[in-house]
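Next come two complexes, and both contain subunit A; in the first it sits with subunit B, in the second with subunit C.
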Partner chain A sequence: MSLISMKFLLFVLIAVIGYYSIPKKFQWVWLLILSYIYYASSGIKIVFFILFSTITTYTAGILLHKISTCHAENQDTNRSFRKQQIISQKRLIVVTTLILNFGMLGILKYTNFVIDIFNHISGNQITFFNFLLPLGISFYTFQSMGYLLDVYWERYKPEFNFFRFALFVSFFPQILQGPISRFDHLAHQLFEQHTFNWAQAEVAVQRILWGFFKKMVLADNAAMFVDGIFNRYQEFPGLSIIAVLGYSIQLYGDFSGGIDVVIGIAGLFGITLKENFKQPFFARSISDFWHRWHITLGTWMKDYIFYPISLSKGMSRFGKFAKKTFGKKVGRTLPICAANIVVFLVVGIWHGAAWKFIIYGLYNGLIIAFSGLMAANYQKWKKACHINDKSKLWIVFQIVRTFILVNISWFFDRADSVRQALIMMKNAVTHFEITSLLNGSILETGKSVQNFSIIILIILLFGCAIVFMVSFIQENKIAVQQVLISRPVMIRWAVYLMLLFALPILGQPPTSSGGFIYAQF
Partner chain B sequence: MHNFKKVGGIVLFIALCVVISGMFNFMLVPYSYIRVDVHNIQEKKYDDLYIGTSHGKAGINPLEVDKITGRKSTNLCLGGEYLEDSYFLIKEAVRHHKPKRIIYEADPGYWVTKPSQNTDYNMIYREFPPSLVKVEYYIAKNLSADFRNTIFPWYMCRNQYTAIPSIIKTKLSQEYKNYGTKVFKAENQSYEEEGFVHINRMKGVPKSKDNLILWDEAKVYQGNLEYFKKLVQYCKKNDIELIAITTPIPQETLEQYAEHYDDANKYFSKLMNQYNITYYNFNYMEEKEIDRSSDAFSDYDGHMYGDAAQNFSRILGKYLNRK
Partner chain C sequence: MKQLLEILEDIQPGVDYENCTTLIDDGVLDSFAILSIVSELEEEFDISITPVEIIPDNFNSAKALWDMVQRLKEA
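== the complex of A and B ==
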C-alpha cells in the first residue's frame, strides 16, 4: 500500500477515526491490528518475516532480562565465576539473535550479489535466487536489533508483553521507510492513551501536505530529467552535472518528503517520531551532513557500530600500536577513523547489494576519516590564512564544498554501476559546457515523458525556491509550523489550499516503483 | 461549541476544495468520444460489442461489419483501454442491455505493458454514470492508484491548460449536451457512427514507429490475465459469446519483428484454446483481400486508414458469420 495511494489515505482516515472512538486502553491494540493489516496487504507471506524478527528479538530480550535477574538474586555463590557465566550466556543469546536477524536480511538482500561475485571470480553460472524482499525489512531489522542491544547493555528493561513489542516493531506509518525508532523513545508513546487534539492534528496534516509537496513537486519533477540523463548518459555527457544536481533535489524531496508524511501520520495518533532530516544541505562538512541526513540511521550506526568498535579491545590495542608508531595525536585519531570507515561501509551495504553502494559508503567514510586526521592541520592552515571560522563567507564556502562532496557521492548512489558513475563523473569535468544548459538539450532528456517541457523546469526551480526558503528559516531556528499555526485561519487556509492544489497542478506522477525511493529498502 | 466550530470549519474547507476542484474539472477535462460511446451503450441495444485498443478503434467499422452479419454492433475500443477497462465497459453495457456477442481485439503490446498514469488513465471511468459498476470499477482501478486521481479527477488533464477556452466553449454547446460528434472531426481523423475512428490519409506526414511495443512473454502484465479470466467467466455466466481477434499490421513490421509476433500468436492461440474461445489473428490468416502493404496503415504499429478499415471490417464480418 503506497503512501500516495487513495487506499492508504482511506486506511489512515479509518485508523484515526477508530483510534479516537474506541476505549483508550485499546488504542495500542487497534494500532497493532492496523499495522499487521497494513503489512499483510502487501502479501500475506511477508508477515512471516516480521513475525520471525519480532519473536526472536522478544524472546531474546526476555531471556537476557531473566539471566540478569537470576544473577542479581544469586550474588552469594562464587561471584566471579557466575558473572563470567552470565556474560557468556547473554553474549550467546545476543549473537544468536543478531545472526538470525541480520542473517535473514543478508540472505534475502545480498545472496544474489554474492553469487554474482562468485560467478565473476569462478566463471561459473550459478543461477540467481528469486527471493521475496519483505517490505521495510532493513528498517524493522535495525530497529529491533537496536532494542536487543539496548536490553543487552541494560539501558532499559525489555518489553514483557509480546503484543506491545510486536507493535513497536511493526508500527505502520514508519515501517516502509523509517525513521528507525528507539524503544525508549517510541514505545511509551505507543502505549500511552491519547486524546484527540485539534492543534496537534492540524500540525500533523500540515506536515503531511508539506511532505507530499516535496515528493510530488520537487522529487517527481526532478526525476523526469534525472532519469532521462542517467538512463542515457552517453547521449548527454554535458549534462552529468545537471543530472547529479537534479538527483540531489529528487532524493531529498523524495526521502525527506516521505518522512514528513510518516511523521505527520504518526502525529495524527499523538505520536512524535524522531526527525530524520535537519536541513542537510546547510551542512558544513560531510560529518555534519550525516548528522542532518537520515539522522536515525546515523545515530543507530553511531550507537551500535561506531562505539562498540571504538571501545573494543581490538581497537584499544590498535590505538596503542598507532600511538607508538605515529605519535600521540595521530594515534588517538586513527582508531576513530577506522571505526568511521567501518560504519560507512555498513551504511553503503545497507543501501543495497551492489559495488556502487559499497563505494558510496567507503567514499563517505574515507572523507570523514581523512578530515579527522587532518583536523589539526586544518586549524593551523586556517590560522595561517587568517580565516575567521565564524565569517559568513567561510560558512558559505564550507556549505558549497560539502554540497559538492555530497554530490560526488550521489553519482555512485544513482548510477546503475560503478563504471557508469565514473564515466559520468569524468564527463562532468571534461564535457561540461555552460551552453549545454541553454541550448535546449536538457529538454531532450525527458523526451520519453509526455508533455515534458520548460514548464517542468520552471516548476522545479519554483519548488526548490520554496523548500530552500523554508529550510533557511528553519536553519535560523524558527519553527515554521508553529508560526503558521499562530496565523489567522484565513491565512492558514490559503496556505493549505495552495499546498493542496500544488500537488495535482505542479506535481508529476511518481516514477519509482511503490512511489518512494526508500520504500524499496 | 469549540468542536462544532472546528468541524464546521473543516466542512467548509472541504466544500471550498470541492468547488475549486469542480471548476478545474469543467475547465480541463475535454469532451471525448468515450462519452458518446458510453452514451450509446446506455441508450441503444446492440448484438455485438467490440472491445480493445486503438487498433480496433481505427480498424473496425461496425456499420460495415453489420452489413455482412446483419446484426447491430458498436465499437468500444480505445487507445489506452486495458482489459480491466474493457471488463467494466461490458458490465456497464450489460446493465442496460445484454449483448449476444463480444469481440475482443487483442493487441500484444497492451499485454506486455501496464496502464500508465497519463491522460488516458481514467478516461473511460470518468464517463460512467454513478452505479455499483462504477464503484467496483473505482475499487479496481483507482483505490490503489495515486490519490490525486480520486481527489482531483482533472489531475491527468492538467496539461490541457492551453485548451481551456475551447473546452469550456464545447462543454457549453448544444453539441456536447446532445452527445454530438462533429467536434471530433479533424484533418487527420474523424469519429464516425458507432464508435469507429476513420483515419484520413495525410500527404507528407511520415509514418511513425514510436508506438510499437514488442511482445515479450516474460513481461505479460498479470492484471490483463486476471481481467481476461474475469471477462471469460462473466461472459459465460451471462451467456454471452466471446470471440478474440488481432487486427492486421503492416507486413513490413510483421516480417521485421517476426519472432515477437509469432510468439505472441502462439501465446494468444494457446490462451484462447485453453478457454475454448475462437481466435482470429488476421496477421496469420490466408486472406488475400486484406491489404497488408504499408499503404493501408497510418503507421508501422498497425493503425489502419479509414478505407482499409472498411475493407477489413467486411472481411471480419465474414469471419464472424462463420460461428
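== the complex of A and C ==
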C-alpha cells in the first residue's frame, strides 16, 4: 500500500477516527493492530521477517537486563571474575542477535551480489536466488539493532511488554522509509494517551500536503526527464548534466516529500518523529550535507558504527602508531578518517547491492576524510588569503562547491552501473545540447509532443522555486509552519486549497509514478 | 581544568570554552573534534573512554567534560 494512494489515505482516516474514538488506554494496541494490518497487506509471508527481528531483539534485551540485574544483586567475593563473566555473557547475546538480524538482512539483500562476484572470479554460473525482500527491512532492522545496543550499553532499560516492543519496531507510518527512530525518543510517545487537538492536526495535514506537493510536483515531474535520459544515456549525451540536476530534484522531492508525509501522519496520532532533512542543498561541505540529508541514518551510523570503531582498541593502537609516525595532529586525525571511510562504505552498501553504491559510499567517505586531514591547512590558507568564513560570497562558493560534489555522487547512485556513471560524468563536461529536452523526445510517456515537454519543465521550475523559497526561509531560522498557523483562517485555507488543487493539476498522477525510491530499501 | 582547556583550545581554537554550555547542541564540536578530544583526554589523563560516554551531556561544556574525566579517573 503506497503512501501516495487513496487506499492508504482511507486507511489513515479510519486509523485516526478509531484512535480517538476508543478508550485511550487501548490507543497503542490499536496502532499495533493497524501496523500489522498495513504490513501484512504487502504479503502475509513478510510478517515472518519482522516478527523474527522483533522476537530476537526483544528476548536479547530482556536477557541483557537480567544478566546486569543478577550481577548487581550478587556482589560475591570474586567480583572481578564475575564482572568478566557478565561482560562475556552480554557480549555473546549482543553478537548473536546482531548476526541473526544483520545476517537475515544480508542474506536477503546481498546474496545475489556475492554470487555475481563469485561467478565473475571463478567463471562458474551459479544461479541467482529469487529472494523476497520484506518491506522496510533495512529501516526496522537498523531501528531494532540501535535499541539492542543501547540496552547493551545500559543507556536505558529494555521494554518488558512484548506487544509494546512490537509496536516500536512496526509503527506503520515510518516502516516504509524511516525516519529511523530511537527507542528513548519514540516509545513513550507511542504508549502515552493522546487527545485529539485541532491545531496539532492542522500542522500535521499541512506537512502531509507539503510532502505530496514535493513528491507529485517535483519528484514525479523530474522523474519523467531523469528516467528518459538515464535509460537512454547514449542517445542523449548532451543531457547528462540536466539528468543529474534533475535527479537531485527528484531524489530530494521523493525522499524528503515522503518523510514529510510520514511525519505528518505520525503527527495525526500526536506522535513527533525525528526530522530527517534540514535544507541539505544549503550545506557548506559534504560533512555538513550528511548532517542535513537522511539525518537519522547519519546519526545511527555515528552512534553505532563510527564511535565504536573509533574508540576500539585496534584503532587506539593505530592512533598511537600514527602519532609517533606522522606527528600529533595528523596522527590524531588518521584513525578518525579510517573509521569515517568504513562508515561510508557501510552507507554505500546499505543503499544497495552493487559496486556503484560501494563507490558512492567511498566517494563521500574519502572526501570527508581528506577534508578532516586537511582542516588545519585549510585554516592557514584561508588566513593567508584573508577569507572571512562569514562572508556571503564565501558561503555561496561553499554551497555551490558542495552541490557540485553531491551531484557527482548522484551519477553513481542513479546510473545502472559504474561504467554508465563514468560515461555520463564524462559527457556532462564534454557535451551539452538541450534540443531533445525541449522537443519532448526524451519523455517515455508516449506523449512525445513539444508543448507537453515544455509545460512539464515550466511546472518543474515553478515547483523548484517554491520549494527553494520555503527552504531559504527555514534556513534563516523561521518556522514556516508556525508562521502559517498564526495567520487568519482565510489565508491558511487559501494556501491549503492552492496546495490541494496544485497536486492533480501540476503533479503526475500516483498511478504513473513508481512509488517512493527509498521504499525499496 | 587548565589542562583540559588547553587541549580544547588546541583542537578547536576560538571558542569560549569557559562559558559555552552548548558545544554539541549548537554544533560547535563535530564528530572529528569529539574524537580528537577523546584521544587527547585518554592520553593526558590515562583514562579509557567508551562509546557509552559519547553523549551530549558529557561534551556540551568544559565543565561536563572535566566531570567525566574525574569520574573515569576514579573508576
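We take it that the second predicted complex is superposed on the first by the 494 of 521 C-alpha atoms of A that agree within 3 Å, B and C clash if a C-alpha of one lies under 4 Å from a C-alpha of the other, contacts with A are read in each partner's own complex, and residues count from 1 in each chain.
Keep this in mind: a contact is a pair of C-beta atoms (placed from the backbone, for glycine too) under 8 Å apart; a residue touches a chain by one contact, two chains touch by 3 or more.
Worth saying up front: this structure is predicted, and the values here are computed from it rather than measured.
Taken together through their common subunit A, the two structures put subunit B and subunit C side by side without a clash.
Shared-chain residue A:81: touches no atom of subunit B or subunit C. Contact with subunit B, but none with subunit C, is seen for A:489 once the two complexes are overlaid on the shared chain. For the three-chain arrangement built by superposition, the Cα-centre angle with subunit A at its corner and subunit B and subunit C at its ends equals 170°, in steps of 10. By the touch criterion defined above, A:6 reaches subunit B but does not reach subunit C. In the superposition on chain A, contact of A:501 is made with subunit B only, not with subunit C.
Smallest inter-chain Cα distance, subunit B versus subunit C, after superposition on the shared chain: 39 Å.
Residue overlap on subunit A between its contacts with subunit B in one complex and with subunit C in the other: absent.
Contacts from subunit C toward subunit A in the complex involve residues 27, 30-32, 35-36, 38-40, 42, 49-52, 54-55. Within the complex formed with subunit A, the subunit B residues making contact are 3, 6, 9, 13, 16-17, 20, 117-119, 142-152, 154-155, 158-159. Interface residues of subunit A facing subunit B in the complex, by the touch rule stated above, are 1-2, 4-10, 198, 216, 450-451, 489, 493, 496-497, 500-501, 503-505, 507, 509-510. Only residues 153-155, 287, 291, 302-303, 306-308, 310-311, 316, 319, 332-333, 335-336, 339, 372, 375 of subunit A touch subunit C when the two sit together in their complex.
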